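Each structure below is given as structure tokens.
Both of the next two complexes hold subunit A, though its partner changes from subunit B to subunit C.
Showing the complex of A and B:
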């Protein structure tokens, strides 16, 4: 037999997961390039790392989305962060270590991590 | 760890019949092969609503809506979409495809005007996993009720919401709860009517298949409010998936201690059992339903006494329909004001309709009360296929009536529908176009009720039979002008004198077609023609001599050798031999054959 407190725990544990099945207007979207080039450069652990961070931090309004190749294969893994206002920030050569900082600084605190951005003249 | 994708596969009856289980298995297999089974979540859900496009698969977080998927398509979806993030455009529902990517489902015409309250979880959660229901605020309403509200407060909240019975009658749900609560008795029962029998209606089935726990939780709340510790769900045996999922849900709730004695230590006890109906339409009538649960032959009995006073096993009983229950938890959680803000003055909230017949988007829709029929048919339903013209919509099944094309702008709610001679009914909405003969439609529904009459009372047993014979006479070309007043009189007699709702409403399809399409009856009787070209006995096929080129195609295809004629000469049809199958008309390359 469960208790109401245990039901609440189940709710908290799964809420974020089930909410992935609805698209909210206020979502921040993290778009990870997952074409062959992206995967070869290590996009899969990057995607996994984002999901891990979202889960640990219980960020209910953040969704990770995959996309195909955008043509700059040498800079993969490429990640776009799209905020609800439609602004897009592109990070390149992302690694799971960089993910931790992108989430902590950009997603949570709204401060773009300049050093990971796409070089201006590329 | 969060899953990187959720693949939702519709497991409703419609999609299941077009192999969604095989699709599920193919995904399971394919994900294992790519070692993605730990990163991607597969969910078999309830109905998404757009049954016409089934089997449906939705992939989140992108929200890609794949339609008419076959097991052979699964490999491509996995290797392209799941592995590489490239959406498989050819399988997308065309309305969601935009030039620069995909459009959210909620922006499509089918979903845009819908408002999902009763169907909130349908097509979102795995109905066989209680944890997913709990994650969507499941059993929170029950917690609120037993820890912070008195039974009277619960009843007051339901009353204030303005919720009315969704089974068709439209009686105030709160009042029903009050009557049962106030009734004196050592034992009370809470029952759920899931004996959805109207032809073309499948709302209750979809709720039970997609979100069984919301019905269980609502019945627990009802049990607390009226003072009952035992509930029964009466569900048709023809709904095997619904029955199975409901049983799984009951078992899981019991395992968590949500059903049984002293629920989660609150001191409140409530348990639930399923009773299967064997397909008798009359058992959807409340007194017949309870008689059937008691183990007797399903026959109605006169009211009063109403079930709230003397119901199941002679005890006070609360009986609500599945969709009514599906609204309860959200009224408790969001408050009666939130609910009463939706809908029209006397019809609050939303209504689920099963769209069927001559409509592009066959399926399940939930709209706020007060939505016009035009919005349902043209926007949500996608209009009439093949460029045909809308003629009428039938609501309320065999107990209801039709809404003719000139009333398409009517706002759908209980009272408006009754004022035009139809009724809300349980939510079947059958769309008809110019090829439907209204006399034939009336005959179809009456055949159904004559078949399903239990035979207990004479007006229904014999009256409806005689009424059907009159309709038969008219559609076979033997009608007389005096038949119409005769039918009108008989209809009134049956309505006034039948014992239960089945008989009292059985003449409605006849009355409402007589009201709006009397000219069609007159054409059948006086001109002996069927304007829509449906009633076979009134049709005649003939060859137009100036168009016939003598190709002999019709002659060779006629199954009864009713056509004669030489090569390159005009052919003729022998009306005595013709069985009016229409094959000649289909085969003729010159459209030389006419039906009158």
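Showing the complex of A and C:
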């Protein structure tokens, strides 16, 4: 059973780590569309998958952010990856399976996954 | 929507948009009456009478980028498809309460789905808002309350990965104890 005693233990452990985290590298932001259209198209498991990958790989410089609808509901779930240089890459119709590749290839190794990008004329 | 939990996520986003500080989510399955009731109550800015009267119309929205808002319209349709109904009570300056009743065993009711996932997404998206999830009814009422959890955390952010892992398990246990997992 998950108890508040266990929560207190985690808290004490984290209090010592907080200072180390604050001096991280510049952030990579992952922006997931989380309006009605995004949610209906499967944005919640996509966001969960990003967070899972970030946690597992301990990518402390990467953050996920939720946003609204940008007007291309048919392409949801839509995900923007914004790197510290301000460059924005937009992935469309993202699935938890695609998330694994986006994190491994783009976030970690800096190579954009071309096949998941927004089609040129949409 | 494939899960009722996705509707909950969507409707609570409205509450957050309305500046709510605390959002109460109650899920109650009543086998005797064959109903599954979901209540989402916030202390946001509320709606005017005219706006509330038309708010389940897809062409009524607070959004300024375009004139369509599907959230409550879809939630209402999902409830009515199961022989249930959707009720909205709102007062300007006080908040809004949305109550959706579903036919518990209706073949057209989508599963409750991943309610813990919805709560975690909300906590990550708006960690400063407090969420109170209540399950069961009467004397068997049980709750997960982020206000109490934050008090225990003593300044450690609730959206720290380790805390979220604990929170997910905590909520899942709560749902399991009250027979809401797999519903």
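We take it that the second predicted complex is superposed on the first by the 97 of 122 C-alpha atoms of A that agree within 3 Å, B and C clash if a C-alpha of one lies under 4 Å from a C-alpha of the other, contacts with A are read in each partner's own complex, and residues count from 1 in each chain.
Heads up, the rule we're going with is that contacts are C-beta pairs under 8 Å (C-beta built on N, C-alpha and C of every residue); 3 or more make two chains touch, one makes a residue touch a chain.
On a predicted model such as this, the values are computed, not experimentally measured, just so you know.
Novice: Output check: A:45 vs subunit B and subunit C. Expected answer is one of first, second, both, neither. What do you get?
Specialist: The answer is second: A:45 touches subunit C but not subunit B.
Novice: Identify the partner contact of A:55: answer first if only subunit B is touched, second if only subunit C is, both if each is, neither if none is.
Specialist: So A:55 meets both subunit B and subunit C here.
Novice: Which of the two partners, first being subunit B and second being subunit C, lies in contact with A:71: first, second, both, or neither?
Specialist: second
Novice: Applying the touch criterion given at the start, work out whether A:7 contacts subunit B, subunit C, both or neither, answering first, second, both or neither.
Specialist: In the superposition, A:7 touches subunit B and subunit C alike.
Novice: Examine A:108 and indicate which partner it touches, taking first as subunit B and second as subunit C; both and neither are also allowed.
Specialist: Once the two structures are laid over each other on A, A:108 reaches no partner at all.
Novice: Tell me the contact category for A:117 with respect to subunit B and subunit C: first, second, both or neither.
Specialist: The answer is neither, since A:117 touches no partner chain.
Novice: Based on the superposed arrangement, let me know which partner A:33 touches: subunit B (first), subunit C (second), both, or neither?
Specialist: A:33 sits against subunit B, while subunit C stays out of touch.
Novice: After the superposition on A, what does A:16 contact: first (subunit B), second (subunit C), both or neither?
Specialist: First partner only, subunit B.
Novice: Check subunit A for residues that touch subunit B in one structure and subunit C in the other, and list them.
Specialist: Common interface on subunit A, subunit B vs subunit C: 1-2, 4, 7, 10-11, 13-15, 18, 34-36, 39, 47-48, 51, 54-55, 64, 66.
Novice: Within the complex, which stretch of subunit C touches subunit A?
Specialist: Residue positions touching the partner: 1, 6, 9-10, 13, 65-66, 69-71, 74, 114, 117-118, 120-121, 124-125, 149, 152-156, 160-166, 169-170, 173.
Novice: Touching residues of subunit A toward subunit C in the complex: what are they?
Specialist: 1-2, 4, 6-8, 10-11, 13-15, 18, 34-37, 39-40, 44-45, 47-48, 51, 54-55, 64, 66, 69, 71
Novice: Which of the residues in subunit B end up touching subunit A in this complex?
Specialist: Interface residues on the subunit B side: 1-6, 8, 39, 41, 43, 58, 60-63, 81, 83-86, 104-106, 124-125, 131-132, 134-140, 143, 147, 256-258, 264-265.
Novice: Using the touch definition up top, name the residues of subunit A that touch subunit B in the complex.
Specialist: Going by the criterion above, the answer is residues 1-4, 7, 10-11, 13-18, 20-23, 29, 32-36, 38-39, 47-48, 51-52, 54-55, 63-68.
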